[in-house]
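Both complexes below contain subunit A, partnered by subunit B and then by subunit C.
Up next, the complex of A and B:
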């Protein structure tokens, strides 16, 4: 589920949205990009000028971020290891996008996953039939 | 000193309760008590019923710390965006409110942080294995309290489940997507509104035949006859054409 390459899990888990509302919010903002970071290791800069680097477990539509195996550096540079960290969206200043990630692909991939969930129950065959 | 009040612990919506939990606030130990992770607030109360409550919007982050070199005990760390003094919770709420006002223009205001208006709380349960449950319960409750001021108006979703696939009638007016750039733009339409929109689009298309791209439907010139008011017929015709297109193989 965590790897972007692994498409096998159930569509609902892949899309990862807990509500229609969250999906709508995410699809209309760049949070969808952050959600594509699931499974990656990255650094989150917090509002209080500390940073947290770890594996992205989940990002919800409100930009609440859950990280695991975190190295937290406070404002003064002191390091602490944290098993699990949940930071509220309000307290996030920056999220670093790993250099190896293609941003457009990630966004498109996230949207595609989400649309697969929608079409899961019945589909729009007309899309395939569209001809010039 | 640290505030202690006798507000009763929450009784409803308690996602996790952890007894024998020591609380340390900004380095000051408050003794041993019970932590209540409730949907409305996070509360801790000691044996004599005194304690404190935290509102989730004021909680900036929480984490499990197992790094004994940083702190000698495994614990749940909570950072609160407020100063909890020995006044009362109202003042804390006030501080939070002030922080909100200061930070209203995009959160770039560092003043509150530079003044150190945060409180660090550590909850040390005697049962270290409970830390994950405590953490997860807090994550769940935190998610119930999204920050209202950060959302722009676009995020204001009425909550009515709208899915264009579901709203569109079965007889398959499937070419509709070509007119809709974003499905969410339709979220303001009811099912009736949706049908009306499609009918109107159909009428419009038939009066401008060449420009009408529809999947599997040929727009005949002859349909222009209907443009002056045979609305229902036009709709039926369109639907009929769709039906044909919809029948696959």
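Up next, the complex of A and C:
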């Protein structure tokens, strides 16, 4: 299923994000926490009442999630092993957060990462908006 | 146009506050720290949810689901992070012979859950009556 918000990827301007637009969307919502989950094993409950448990490869600003080494359980309980699974953001119902994760630290870490990249990218004026 | 929104927190963050000209709509409460950048008054309906941060809440969701848990964070889409959450799924089964409706509910407990906002119907303090 295609999300209306998806766009053709622009050149990599900042780490992990395809565009400034995506980064803005992500930094202004809780998706930034999901992006901090990259590399962890979690369970994603889908809208169709199936679940997928695996390593989070990537989460974008639209909550599209890419998982690898996945155990997919459909609504009837049938298990399927999958090497790679892409879930559209719209189809996510829940994401289980691993117990050991500190939410504040993860979000702060994610924001720090994007700020570091921003400052590293030669102090581009478009990012540094002055107070009016 | 709203001036830039900086992340206001009582703890030192260790990185420069963000320079966006947009409002930071992430509200987190950890112990006594408020991690947000808006006023303290209740101005819009989302501010009412802010009052419930770190409290137990009841969330009614689509597809006959209910969640009861502690609200740790939310955003403008009503994506939420709930802790110690109990999910109740209610199903109706129709008895073939008598045609009476049997309401069944299934519960499960999840320690920490991220909920996507488009499934949320309403948010309320926990109901007193069963």
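Quick note on the criterion: the second predicted complex is superposed on the first by the 106 of 132 C-alpha atoms of A that agree within 3 Å, B and C clash if a C-alpha of one lies under 4 Å from a C-alpha of the other, contacts with A are read in each partner's own complex, and residues count from 1 in each chain.
In this text, contacts are C-beta pairs under 8 Å (C-beta built on N, C-alpha and C of every residue); 3 or more make two chains touch, one makes a residue touch a chain.
Note that the structure is a prediction, hence the values are computed from the model and not measured.
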Does subunit B (first) or subunit C (second) touch A:85, or do both, or does neither?
-> first
So, does A:108 touch the first partner subunit B, the second partner subunit C, both, or neither?
-> second
See if subunit A has more residues touched by subunit B or by subunit C, and give me that chain.
-> B
Is A:24 contacted by the first partner subunit B, the second partner subunit C, both or neither?
-> both
Regarding the shared-chain residue A:33, is it in contact with subunit B (first), subunit C (second), both, or neither?
-> second
After lining up the shared chain so the two structures overlap, which partner does A:93 touch, if you call subunit B first and subunit C second: first, second, both or neither?
-> both
Would you tell me the residues on subunit A in contact with subunit B in one complex that are also in contact with subunit C in the other?
-> 24, 27-29, 47, 63, 89-90, 93, 119, 127, 129, 131-132
Flag every residue of subunit B that touches subunit A in the complex, lowest number first.
-> 57, 59-67, 70-71, 77, 79, 81, 107, 110, 113, 118, 131-132, 135, 138-139, 142-143, 146-147, 150-151, 154-155, 157, 159, 161-163, 165, 172, 174-175, 177-178, 182, 184, 187, 213, 215-216, 245-246, 248
Subunit A residues within the subunit C interface of the complex | 24, 27-34, 47, 63, 89-90, 92-99, 101, 103-104, 107-108, 111-112, 115-116, 119, 127-129, 131-132
Per the touch rule above, subunit C residues touching subunit A in the complex are 1, 3-4, 7, 13-16, 18-26, 28, 30, 35, 72-77, 79-81, 110-116, 118-119
How about subunit A: which of its residues touch subunit B in the complex?
-> 18, 20-21, 24-25, 27-29, 46-49, 60, 62-64, 66, 70, 72, 75, 79-91, 93, 118-119, 122-127, 129-132
